[in-house]
Amino acid sequence: MKSGDGEKLKSTDYRPAPFSVEQVKADFPILDQKVNRHQLVYLDNAASTQKPRSVINALLEYYRHSNSNIHRGMHTLAERATQAYEGTRSHVAQFVGGVLDEEVIFTSGTTEAINLVAATWGEVNISEGDEIVITEMEHHANLVPWVMLAKSKSAVLKRIPITICGHLDLSNIDEIITKKTKLVAVSHMSNVLGTINPVKEIVARAHAVGAVALVDGAQAAPHMAINVRDLGADFYTFSAHKMLGPTGVGVLIGRKEMLEEMPPYKMGGEMIREVRFDRVTWNDLPHKFEAGTPNIADVVAFDAALTYLDEIGMDKVRLHEMQLTDYAMKKLTELPSIEIQGPQEPDQRGGAISFTDRDVHPHDIATFLDSKGIAVRAGHHCAQPLMRVLGKVATARASLYIYNDESDVDRLVEALVEMRRYFGV
Amino acid sequence: MNDQLDDMYREIILDHYRSPRGKQPVDKADISSEGMNPACGDEIDMQVEIDEESVKKISVNCRGCAISVASGSMLAEMVKGKSLEEVARLAEVVRKMLKGEGDEIPEEFGDLDALKGVRNFPVRVKCALLSWITLLDGLTRYKKGEGLRSSAISTEDK
Amino acid sequence: MKSGDGEKLKSTDYRPAPFSVEQVKADFPILDQKVNRHQLVYLDNAASTQKPRSVINALLEYYRHSNSNIHRGMHTLAERATQAYEGTRSHVAQFVGGVLDEEVIFTSGTTEAINLVAATWGEVNISEGDEIVITEMEHHANLVPWVMLAKSKSAVLKRIPITICGHLDLSNIDEIITKKTKLVAVSHMSNVLGTINPVKEIVARAHAVGAVALVDGAQAAPHMAINVRDLGADFYTFSAHKMLGPTGVGVLIGRKEMLEEMPPYKMGGEMIREVRFDRVTWNDLPHKFEAGTPNIADVVAFDAALTYLDEIGMDKVRLHEMQLTDYAMKKLTELPSIEIQGPQEPDQRGGAISFTDRDVHPHDIATFLDSKGIAVRAGHHCAQPLMRVLGKVATARASLYIYNDESDVDRLVEALVEMRRYFGV
Amino acid sequence: MNDQLDDMYREIILDHYRSPRGKQPVDKADISSEGMNPACGDEIDMQVEIDEESVKKISVNCRGCAISVASGSMLAEMVKGKSLEEVARLAEVVRKMLKGEGDEIPEEFGDLDALKGVRNFPVRVKCALLSWITLLDGLTRYKKGEGLRSSAISTEDK
């Protein structure tokens, strides 16, 4: 599972999936239902994925046998809960290509992970005139914290533009990331365009000018093998709920030296070493950043999600999605009224496919598809500035995952054809 | 559900959607109001020309879905010529109807009745509401003597 | 379910529980297990409570039928998830005695709820020389944020002391809460002493000098009927996991006018109305304070926990715990080596009973009790300053809930007797 | 589990707990070290008097549970008279043994063997470790010429 292996694979025709999608589908109880009298086709995976039976059962198991507060316990349940919770931490550390356990901080989601960095590292390290570099394709989670930090510190927010093909335009990168740059915050994969960004290159440029690099992996970690060390990212973030795990859990991976220097984020129990009324000393990593009772059950169950992905293999996940994306893009391109956003090359993009119809508004697309049991999302996908750059009010987005197959794509395409008949356009 | 779908996208709505009324600019905007539906990105611009406390002309420009465009188009058609008082009452009735709070739409309201089907699609109610709350917001400001646009009203506002 | 009704009841003898504890016990699958070859007696409820089958099933149900990201969805699952999520919000609004739905903000826990207030309201409203008043019995969650805020703003942190009986000493309250006071932050019930504080009186005093009052209800909301409006609290906080709900969910109740004036806390999706690269406007309440994908599943399942408590009735919960606490305190007092902290009067305290043995260290108590299948906690209970006031390094703490009964208390007391034999003291 | 319990609270541990050794103050503290176990609130104070690179006297004051007190008491008994090098090696062996990393405790270490049972109680391992890491911290600082207490070392430190 080396990082980026998937990227080297080229897929031109649809080939058999590298694993049995049928078997995978059978592991997700929610997919076995009818919505509006049609078998559910779930294509809203970039928003949140479904959970395999093993994850649901892990929750059950936890609440039936081990539930307890952690760390400070002196009894058997507390010990079980603590070991399970810390076990997930080690698993995450491996999953991202091998980091230290204490470099894995659990948060409530990607949004909190990025806010944590802005509120701690950012508060201390960004000053007047400093530059923060983002891209035009950022999700609000990796945008609004920096807009606000720049504002409060009188720092300058710069952005890497996108090309008309939906790639980052790195031609002027040396003028954008300069000696004044203190932070480069870039998404690994766009939730709107699907673009896989050359983050290794961008991180290298950031480091060359002495800047820190944060990579928002919310859309990448679920879909391809990740190696945070190899990417060089100082911070890497993602959300469990977008990768088969429960809602309410996110991860911040940080470099130990940096995490140690940063002030804490939330204050409370477990993150302190000693508290007096006038003086507080902080606990060690990772506890310093995990104040209060964490989301124990969901962190514990997240382990089962990682195991599920391990068992398929992230390179196979990537290969399957690349093939299926290719298939979907070809099929959609056959519909003349449909316009797809983002890169065309399946090896340069993931399976989040944003599209518009010349005549039907994205909301109407989504509502119509829902009436056929097909779940897609429509709107600005928490990327308003990108939508403005694209000149769109909204797009519809179908996003693929391991339990989707050709037949799901066929259902989507057929429904889009029917939709135009329905609206008489 | 396709019955529900047909109930929302009635022929009359699709017609308003395809050729929205009220696109012509007004001569003099006594009310200028902007609205948005942050949940979906719908945006609307509305100008009202007032003569003797009645709507002389109204211009509605909506970038949005079939429902929001059709709703805005019906609004333009309905309110023209009506007294501000009547308009406010009408907008309030529609708002309540869409939110499922209030009475049904009286017969005389014609095309507007077609909006009822939207209630089966909670997330689309805001699309149908957009033009009406934008109008209400404009009227309220007009009464206070601040008829010209301040900031955009949002469907998320109470 | 009027607030404070429970407080008026006096309990001197153990009377039959106001509901069938046996039936309640049967609703909690985790209790039906052996720990170290003994039937589990779970007495660590102040740390976290167990979950009834209905809560576990709600999670199952959610992940099997409705799981989806919320708010921005245009499909059936998203609509189901949104309605369930917002349904819990309305339920919480009723549960706390009736507030507006948008006055209910979901957080990851009490700790985050208090941090939110410190980072937003506190940032804007506390300045040099202002005074923040807390008490000597605060949990770190309602202490460290204020210690740090006071430090960063050069404000003064003052504290209401406790009497030797474990009550707040309000004799000098007018000298502590003065015209300089901007905030009074006090726990409704102590997690160490069990003390139920006269918060209504304290809030009134705070308001009389123009200060804002935050009440930490983490230990009160699970155990007695709450009426936030009646208490007068401007902010009220609690955690789902301490009241039968899942981990990872907390609640901040705030006054609408105040929440509207406060800057947002975390930045990201859903909390914004419009984002440009240089300018951001905030969404309305409650979304302004709920950035990113929330802990949807656990919020949805929290509803089942509230329903469970509703069905018993919070006044009956309180009555049962008062009676059982009375019984436990009497039994423990019969052991001459045991010293109990906090008020003796069952109508002035909850069921968190901290105690020490003259000869056996709290850690050894907990470990020994665990060997008998009895789960209690030992340590400083995230209240180091209080421990210093009490002159204790640590205490053992047995804390009761709706599924505990006399037999659990008897098992505890017997084990403590055996413990002394075991350690030969 | 009671077998496991007995394995942790061996007679010998209970004995050290009831009458801890090494309570007498040293004449001159060449090393002064403080340790804490934030998870439980155990606190330890340690002074070492050194003569010709050997422990001449050691004073250990531990406020904590049976395990931490007994462990500190055994430490005081074991290290007295040993060369600093031997002491460091011993402390390292104990640390590893408790963390389940390293070898067993060699025969000659006597009473210390009793600490093995603690490994079945992960949460108590820190109690047993406390005195040893406090000693190691003091030794490390002594070598660097900073033998006197700086800040307290914690069982949570790596």
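Letters are used for the chains, namely A, B, C and D, taken in the order the chains are written, and counting of residues starts over at 1 for each.
Please note the rule applied: a contact is a pair of C-beta atoms (placed from the backbone, for glycine too) under 8 Å apart; a residue touches a chain by one contact, two chains touch by 3 or more.
Just so it is clear, the model here is predicted, and its values are computed rather than measured.
Participant: Could you compare the number of C-beta pairs in contact for B-C with that for C-D and name the larger?
Facilitator: So, comparing the two chain pairs, more contacts are at C-D.
Participant: For chain B and chain D, what's the span in angstrom between their mean Cα positions?
Facilitator: Averaging C-alpha atoms per chain gives centres 77 Å apart.
Participant: Quick one: report the Å distance separating chain B from chain C, using the average Cα coordinate of each chain.
Facilitator: Measuring from centre to centre gives 46 Å for this pair.
Participant: Could you state the distance in Å from the CA-based centre of chain A to that of chain B?
Facilitator: 38
Participant: Where in chain C do residues touch at least two different other chains?
Facilitator: 36, 72-74, 78, 272, 274, 363, 367, 378-379, 384
Participant: Which residues does chain D have that touch at least 2 chains other than itself?
Facilitator: 39-40, 124
Participant: Connecting every touching chain pair, does the picture come out as line, ring, star, complete or other?
Facilitator: Basically it's none of the tidy shapes, so other.
Participant: All pairs of touching chains, please: list them by chain label.
Facilitator: Pairwise, the chains that meet the contact rule are A-B, A-C, A-D, B-C, C-D.
Participant: Residues of chain A touching chain B in their complex?
Facilitator: 36-37, 360-364, 367-368, 371, 378-380, 384, 387, 393-394, 422-425
Participant: Residue numbers of chain C touching chain A in their complex, please.
Facilitator: For this pair, the touching residues of chain C are 29-30, 33, 35-36, 40, 42, 44, 47-48, 50-51, 55-56, 59-60, 63-69, 72-78, 108-112, 114-115, 118-119, 139-141, 143-145, 147-148, 157, 159, 239, 241, 246-249, 266-272, 274-280, 291-298, 363, 366-367, 369-370, 374-379, 381-382, 384-385, 388.
Participant: Which part of chain D faces chain A closely enough to touch in the complex?
Facilitator: Counting only chain D, the residues touching chain A are 36, 38-40, 122-124, 154, 156-158.
Participant: Provide the residue numbers of chain A that touch chain D in the complex, in ascending order.
Facilitator: So the residues of chain A touching chain D come out as 71-74, 78-79, 82-83, 102, 272-274, 283-284, 287.
Participant: Can you tell me which positions in chain D touch chain C when the two form their complex?
Facilitator: Interface residues on the chain D side: 1-2, 4-5, 8-9, 14, 18, 39-43, 63-67, 69, 121, 124, 127.
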